[in-house]
């Protein structure tokens, strides 16, 4: 029942890089508003924007043993995605594990639980999205699984899926869709770039998006505010 | 029933600037501890301290259409105040809307819901106080109203009221009270400046505020702690 | 019933400094995973790492009178630990009280409630761990006690105990244990330094901690992932 | 600044009774989805369904003095609506105050804070909607106001407004709208009664509301599920 | 992209009944502690214990259109499982929809959001597990999907899976595992029945489970408590 | 470090019964508003009102092994008080453990975590105050301690202390204070009984408590409400 899947297929590297450059909000829109983790998942420091292939870890609550097992399964360009099987805020991950992951080229961690050594992780520039910060340690007593499908902060993640993280949160793109969603994200960005220039020049969204007719049809009323004072 | 009030009267500009300089905690005290938004309203980046006149937006949950309508009603020096009619953490506002508001001289956003594109908003220096950060988008299907009185994060806001935001949160000053509260805030600051110098010099609040007699009358006992070890 | 204990015994200064240098996560482990405050206690700015002797303040909800009383009991190297007797998010503490504490050499504040003037406190470099940020002020009507044992954010604190705070949270070390826990923390750090070098060099925790046998005995299965596509 | 308004105009009694009979969900819909208190306001026992005229109490956090003042302003058919000026979970109200209110014919309590003596209140059949249950008492030190407009659990309440409470929560109807909203509620109920019979008979909402065309136009696809196994 | 799967295969009816009789805690254990929904999912009234086949509904936040679509896909013995694509506490479901579902033999509702008409639903005896109770209505503007795999309150649900609900919460059993998990649940119950008799007779779990040796080996110390006073 | 204290001294039985009869709100007031557990501790069914002597259990998060150890230390009239060393919502306790405790005359459970088998516990009439209900089980891997002082839901509990629980929550009375607090509770009840009769007869608290002068002195203003309409 407890299994480690080795040598998982990973999303296409070039597509991952393009998705990371687009960022979470754009990618989430571009794939039809799916794959977003719950908004309680926050970065431990601002400004990171990364993408990578998911190595998933399902573990018992308050037990981080399987993270040690998962390190061996990681390659350059991966992101570790960790979810306990029941809700927990303990600190499953700290600076030593980050050193080990960094030595293997792992780009960051997404964990539906707590982390610690936050100052060290910040100095190392190792990005983490977590539900909590807590110095409370965990044990190494119970098996879990590595590289199985799991639910992390409300989203379904398969091993090898694309993980995108930035200040807006974390989004998952299914592995086989990576190229197509990267294309859609790029198209969306191109379109927004044009809109951005018009908005900066003072044009209104009401006009650019041709909303005035629809608003009037729905019955929106404009009325001069009372000018007393 | 859904209305956009145009050309609202706004609080006196000079008073707004003075209030912004005093900051949320001082202004809140100076007007009798009223007008504070709930403490879950947090800035998306630290260090901003702004003031402006409220343009209010009441909108349906998970629908940001009326923000597009509200942009047209904004002038230089305004702050957009947005509240959905039921609780929601979606991301109603992002970088494109901020470009549009910035082009009109709007100073910031206060929203009892979520925002996205947080990294871009930070780089633009566009201050936002929100309940959440979320990449989850919204729709444009249901009408709401612009420049009507509304409740935002537990506080009552009328269009044209003064909005003050800094790292302590957000406070509303009724439009007609702006001058008087700015005076009271300045008086409070002047008094605190004197107290500050005395405290920095090592005097105790117990003496400055003459608390010792009242404490004794209430029965406070001083006792030497046991010195074992 | 309301008492101020004066001249409390304090933890050994040298031990406090050593504990502060080790940080919350290490100290918490080194004393057997006890003494940690709840993870909702967050620093108002990142990067602080302090230690000091606890001056404790038990006060009525929404009443900060006893903080003014407590200031007089503080010495250089102390940390103020404040807990209301019922749950409250108001702002009990601001920049003026921080000026007063700083003039006496106090190193920081730990409060199971709210603080305000966060921008000023950040500029002063006065570290605070709190449950909330709120501009909502308090009154000075009801007595409490200073330097009595109390529960702060779920942890038991005696006056004179060591308080350690950093980005991971806050940990309490009983006064008499300070030296012994500082030794255990240092030993733990020395051991971790060696492990860190091995991990950075690419060795796996699986091998360093000799986990492979135990994992196999528990029945962990390794299986090649399906390679379709 | 602290005032008690006496002899407030109250909503029409007959309209109040009709609104109470319709219940919160229907009334909220019938007045355009406004006036609903936040969903954290829960009844202390199930099954109550009441309506009355609001006597409002704005009080300092952790101070219930003004509830005693408000009792005198209550008449038969009123509902007390209480909101502290900052967030608090203490127990502001218990069985003695309920005895006093009941002697005056008051129908219930709505409080954006905590209550206590819940078993006694249940035995008395005195309905309460609150944010919390807590035995933590309050003080009587600071003035507030009675019968002023206030924000309770996110909704604006004026003295004399209609308050409706049932297992779904609490809704406010502005005093002058009582009759008109009662009419709209009754109309809504009549319409729903017909729909209810059709639904009970097995007709589908898809047909009753004529949704099939709109769904098809939007592109909804029906597809036979795979029948493997 | 928006699809309704019709005629889904459902879990074996006899196995569903056996699982319902065993209850959530037993079934969750019997299938290896998986499939449990988050503990914030609470029943609207106590005492219900049901099982059925999942008809799943993925819908836009604050939009209940697809519930109307889903009704048609329901058969006798089903349970509706509803999850919005972003977090929301609005009231998506009330008494009219329950009448419609009941007419088709549906046994209950599991919804990761809010419901209303709670008093009516209780009187009808229609069980609901939800995250919130709220009178706040929703719209019918945006398509979603029916009978697609989805994440509800943190658990993965496929159409046709077994849903078990009681006062402990909600648990999902994958469709194909229903018989095997029902067997394991029954075995667990039989074993517990024997243990129950021994415990009721006063035997200790320490002896029944033979824990004393293991505790001693781990170093547990028994010590007479000080008898002062 | 992990210890079980046997044969602990317990609070006087007669005093415990008197305290239980007074209830949580009265006892909490009578001992100076101390000893209350956090308001998130809720009964699993309404109407229970119990008192007993605390047998305390400190255990590792997600590990209920020490509850089995604690059963043996319980006597007729005890209440089990359980707190994990870090925050956790798993279900540590169910019907089998309740059978075992009931066989020993234990009156109830107070646990700063989750419980399961809630329907069975309700049918047995075994009262529980908990932070959560969850079917999620725990392991039996790590030692903890029995009958040591601990912090439960923010309150300090020593073994043998009085535990009082009812619909208002849970309150702790230190063992040696039981008689004195029972006397103070009885005196408070006697006083309230007189006040209750006066309030039921229609007298106002304003008069009974002689508040009118103090209110006037503080500046409270009475003003006739505008009678428009």
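Lettered A, B, C, D, E and F in written order, each chain numbered from 1.
Convention: a residue touches a chain if its C-beta (ideal position, glycine included) is under 8 Å from a C-beta of that chain, and two chains touch if they have at least 3 such contacts.
For clarity, every value in this text was computed on a predicted model and none was experimentally measured.
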Problem - Smallest count of steps, each to a touching chain, taking subunit A to subunit F - result: 1
Practice task
Have a look at where subunit A meets subunit E and say same if over half of the interface residue numbers show up on both copies, different if under half do.
Solution key: same
Completion exercise
Comparing B-D with A-B, the busier interface by C-beta pairs is A-B
Handout entry: Distance between chain centroids, defined by C-alpha means - subunit C, subunit E (Å)
Key = 40
Handout entry: Centre-of-Cα separation between subunit F and subunit E, whole angstrom
Key = 30
Problem - Where subunit C and subunit D are represented by their mean Cα positions, the distance between them in whole Å - result: 42
Fill in the blank from the handout: Flagged in subunit E as touching 2+ other chains are 33, 36, 39, 85-87, 89, 134, 136
Exercise for the section: Could you please write down every pair of chains that are in touch? Expected result: A-B, A-C, A-E, A-F, B-C, B-D, B-E, C-D, C-F, D-E, D-F, E-F
Exercise for the section: Enumerate the contact residues on subunit F facing subunit D in the complex. Expected result: 23-25, 28-29, 33, 36, 39, 42, 46-47, 49, 166-169, 171, 192, 195-196, 199-202, 204-206, 209, 211, 215, 218-225, 227-229
Exercise for the section: Note which residues of subunit A are touching subunit C in the complex, please. Expected result: 2-9, 45, 65, 68-69, 71-72, 89, 91, 94-97, 99-100, 102-104, 114, 116-119, 122, 132-137, 140, 143, 147, 159, 176
Practice task
Would you pull the subunit A residues touching subunit E in the complex into a rising list?
Solution key: 1, 32-34, 36, 38-39, 85-87, 149, 151, 154-156
Exercise for the section: Provide the residue numbers of subunit F that touch subunit A in the complex, in ascending order. Expected result: 60-63, 85-90, 134, 136, 139, 141-142
